[in-house]
Amino acid sequence: MSQSASVPATPATPATPATPATRPDSASAAAAAESTANSTVAWTADEMMSIAAARALRGGMSCFVGIGLPSTAANLARRTHAPDLVLIYESGCLGAKPDRLPLSIGDGVLAETADAVVSVPEVFNYWLQPGRIDVGFLGAAQLDRFGNINTTVIGSDYADPAVRLPGAGGAPEIATSCREVFVVVRQSRRTFVEQVDFVTSVGHGRGPGDRARLGLPGAGPVLVITDLGVFRPDPDTRELTLTELHPGVELDQVRAATGWELAVAADLARTPAPTDQELIALRALTKAGS
Amino acid sequence: MAEIVSLPDAVADLVHDGDVVALEGFTHLIPVAAGQEIIRQRRRDLTLVRMTPDIVYDQMIGAGCARKLIFSWGGNPGVGSLHRFRDAVQHAWPVPLELEEHSHAGMANRYVAGASGLPFAVLRGYRGTDLPAHTATIKPITCPFTGEQLVAVPALNPDVTIVHAQRADRAGNVQMWGITGVQKEAVLAARRSLVTVEEVVAELEPRPGAVVLPTWAVTRVAEVPRGAHPSYAQDYYERDNDYYQAWDPISRDRDAFTRWLDEHVFAGAASPQPAVSAGGGPGASTPTNAGSTS
Amino acid sequence: MAEIVSLPDAVADLVHDGDVVALEGFTHLIPVAAGQEIIRQRRRDLTLVRMTPDIVYDQMIGAGCARKLIFSWGGNPGVGSLHRFRDAVQHAWPVPLELEEHSHAGMANRYVAGASGLPFAVLRGYRGTDLPAHTATIKPITCPFTGEQLVAVPALNPDVTIVHAQRADRAGNVQMWGITGVQKEAVLAARRSLVTVEEVVAELEPRPGAVVLPTWAVTRVAEVPRGAHPSYAQDYYERDNDYYQAWDPISRDRDAFTRWLDEHVFAGAASPQPAVSAGGGPGASTPTNAGSTS
Amino acid sequence: MSQSASVPATPATPATPATPATRPDSASAAAAAESTANSTVAWTADEMMSIAAARALRGGMSCFVGIGLPSTAANLARRTHAPDLVLIYESGCLGAKPDRLPLSIGDGVLAETADAVVSVPEVFNYWLQPGRIDVGFLGAAQLDRFGNINTTVIGSDYADPAVRLPGAGGAPEIATSCREVFVVVRQSRRTFVEQVDFVTSVGHGRGPGDRARLGLPGAGPVLVITDLGVFRPDPDTRELTLTELHPGVELDQVRAATGWELAVAADLARTPAPTDQELIALRALTKAGS
């Protein structure tokens, strides 16, 4: 099942399928599917995205995990370079160590393997809100140039939306309280928009100083990983700036999939291609979870 | 002390037209059978409350039970959207659905306030989002010590809360374990409560991670085996992922949904849990090939 | 991640003169050995926080560690008064003791606010009592939805919280069970934390009623067998009621107390837990005949 | 150990010894110790007090239990006429069923026998504050004619007290939130005072309407049981009024032990003397607990 506006992705709660699929409709798929020096097998743009997202997580970090793409990335990191990554799910599972990819944020395997299972009020009040969690890992239906996230409605009229999306879930406070936020999202002009129709979760507001003015304690989105590349907020403008291109992706492809005039880092890098080890781990994970 | 009764009797006693009704259960232990019993008893004008309205609320909304939904995330977990919910919001079918929309943190704290006998709760939430502009039940509040501005949300005190648990004893003490979500708060916040359970046992053995609701904090208990299907009951049965997939095409189409309702909810009025088949799907005639839904 | 160290090292690292220090444990699992180590390291000007200051706080106050006490009930449970506490309040011996006095509900909610990263908590408390007239940290607050007036209390965020638990694993994950009081909140509210444990084990087996504090929420763990004596550690040892009785005459008399301090706390600086005798009383030379204390 | 100002009783948390002792200094002891038609053995004024207090509790009630005299009475009720009395302790034990008298509000036996053990914040916030508990059973160091309780300081100057008492513990909110409050206290001019030096826990304030004005949801003290008799607030004045005399106690004894001009009910009754069964149960309980 591919993602579409009528089956939207959502943060911190399930909506996108847990299994990354090939994306034949994507301009990047053909490029990404080519094999590189790192890997001996072909891989898809979605696989590159999950692997790039996983690499951003470091051992010992605590990570508040949204389902779908974020969960795939976080579980992949725990299977590869970050075995002591602490996974936290909004269902109350602290330190979950699932042996297969969970299909929801409340799968039994999360509770069975967690260091502690606490109530939902407790996970938000005692664990998220005080800023104990290093990284909040979110998805998005729309993401704008300042990293604001929409998972509520498509269209300008809340009362009469073009598309009613699932809503906020845990995302607004994850985006507020985690020390940093990573976002993982499939990129297109539909998802990468100049300004979101509805601010469900605040990124960098309308620019520099907005998070401080709003009293948001965390640093906000410091990293956005898509199937085309990696974006980071410009230190001065806070605008999402392309800092890495995935292997085989051309800059024009990224521009074509971005709904605003794309800023590109002076030292634009190439994401290292997936290694065989990463691909094997990812495929084992998504196969077990499906 | 909780009275142990049948599910139809419990719903008939506790759930009235126009009530504020919360069915809670966070992925795990969702009281689906009770929700379908509410459909079967044709309740109307309910204000439905739930952090994560999913299939059972899609069914209740599609059946016309609800005039309002108070929630924080509405979707078919792992699959996509709730089409009956969207049809109600976007096209007022079968009746208009008013929304009162929060974040999970806000909803959880509203139940906490309700359970605590307080009129409101305070959190560091919603800042900078568009939610306060559309939700009247989010207001600023100032710390009287530091002057910091935070957010207040009003208590949720449903007329009835319904949850599902693994066990009760014969005195009506309830025990649940695994992911227990916001169920304790939702029950304690409510004026009346119903707990459906997998089984009534002679004695509740202590278990790691178990939450116990004493009988004097519960109004009714009903034994409903597989009452959380297609969600799961830890140590009883697994989540029926095929059901969630198969729900998508049924719910996309008004006629298919109406047929499903007639065949799998209303037709079963005589038998106790007709819509809760042991098999993998919302009904025997339903294709469960998830691949066909994309 | 919590570092596992010796008790003297943990106290030396975490507890500084002038700190706000909370030792929690509600009758059960009181971190007495850690309190005596603070005396031994001659900390001064501490603001001590505890819902139920009892013998260990009587000892710390009598030893001159504290300049202020934030509390809700100070007594020798089952016996009577805390005489070192009273001597400090009534006669400023050995140093004056400032009081900040609350109810249990207020203190518990102050820790909850602290653990939640909020500047204050709201409760339906103190109304009509004389406490607000003497305690600056109780203020009115108005519900923005109903207009009802309630009470706000500010968050407690100790510099250090110390609690005792039954077990930790080698990674520093902590497990406690039985009556666990306000310990989770007190640890999560603090900037730094120390958990003394009966034993460090290879693996924490799940247990009914257990609270687990993940290692990344704790600063230091120290293995201190019988570290809660004379209180108890469920499934390890019983409460030493004779000790509580025998404390009464020692604490009534400044000289007797000073002698006890020299002999049973300071003299033991070389050995790890000198004041925690396996026997029944604050010291071998102490009469434990409770009848003589009335 | 007898109760004295220097070893004060406290509400909801331990301070008085759990074991009722004979009270040779009391004017009522000799009278109360005489045997009556109900019992074949002699009993003490303290025993009469505990038994009268236990009788006030009914099966199925939930009772928030202070330690000492209230705990003795509540446990006695559970052993005699009210086996399904639900005992709640501020340590977080809901539905404790101790087989011996606990010495503190946090004895292991309370946790081991409870239906549920919850955190201290939870017992106050979720269980006490919303008014779920039928009866709060408190002790007092001072009690005044309107049932207000002092367990904080003796003397008019809080900053320089004649006697520093243990403080509030759970009592202020127990007195606020329970549907009804029972108080059990040994009676003397020291404990039964015209006006308490410090209002730790509100009874009926300064008279009619005060609880409503303060917004206190519960009914407040509806029953005070002493070693001399039983008191109830007058429906009009809210002043504590003697409604029962314990067997063998004379009205003058009660007046002598009351620090204000005592009101006596028109239909003053005699407390039925302890039965053998009650005495046997009480002594078994206090012996096991000592």
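In this document, chain identifiers A, B, C and D correspond to the written order of the chains, with residue numbering beginning at 1 in each.
The criterion applied here is as follows: a contact is a pair of C-beta atoms (placed from the backbone, for glycine too) under 8 Å apart; a residue touches a chain by one contact, two chains touch by 3 or more.
Just so we're clear, the structure is a prediction, and the values are computed from it rather than from any experiment.
Shared contact partners of chain A and chain C, listed by label: B.
More C-beta pairs in contact connect the chains of C-D than those of the other pair, out of B-D and C-D. Note: centroid distance chain B to chain D, computed from Cα atoms, is 43 Å. Separating the CA-averaged centres of chain B and chain C is a span of 41 Å.
Between the Cα centres of chain A and chain B there is a gap of 28 Å.
Multi-chain contact residues of chain B (touching two or more other chains) are listed as 112, 117-118, 123-124, 148, 184-185, 209.
The multi-chain contact residues of chain D, meaning those touching 2 or more other chains, are 125, 129, 177. If you sketch which chains touch which, the pattern fits none of the simple shapes: not an open path, not a single ring, not a star, and not all-to-all. If you check each pair of chains against the touch rule, the ones that pass are A-B, A-C, B-C, B-D, C-D. Put simply, chain D touches chain C in their complex at residues 1-2, 6-8, 10, 12-15, 17-18, 67, 90-93, 103-108, 110-112, 117, 119-121, 124-125, 128-129, 152, 158, 160-161, 163-173, 176-177, 198-202, 205, 210-211, 214-217. Residues 1, 112, 115-118, 173, 184-185, 188, 211-214, 216-217 of chain B are the ones touching chain D in the complex.
Of all residues in chain C, those touching chain B in their complex are 117-124, 137, 139-141, 143-146, 148, 150, 152, 154, 206-210. The touching residues of chain D, when paired with chain B in their complex, are 60, 62, 86, 94-95, 115-116, 125-126, 129-132, 177.
The touching residues of chain C, when paired with chain D in their complex, are 26-28, 51-52, 71-82, 85-86, 89-90, 101-105, 108-109, 111-112, 123-131, 134, 148-149, 178-182, 184-185, 209, 232, 234, 238-239, 241, 290, 293-294.
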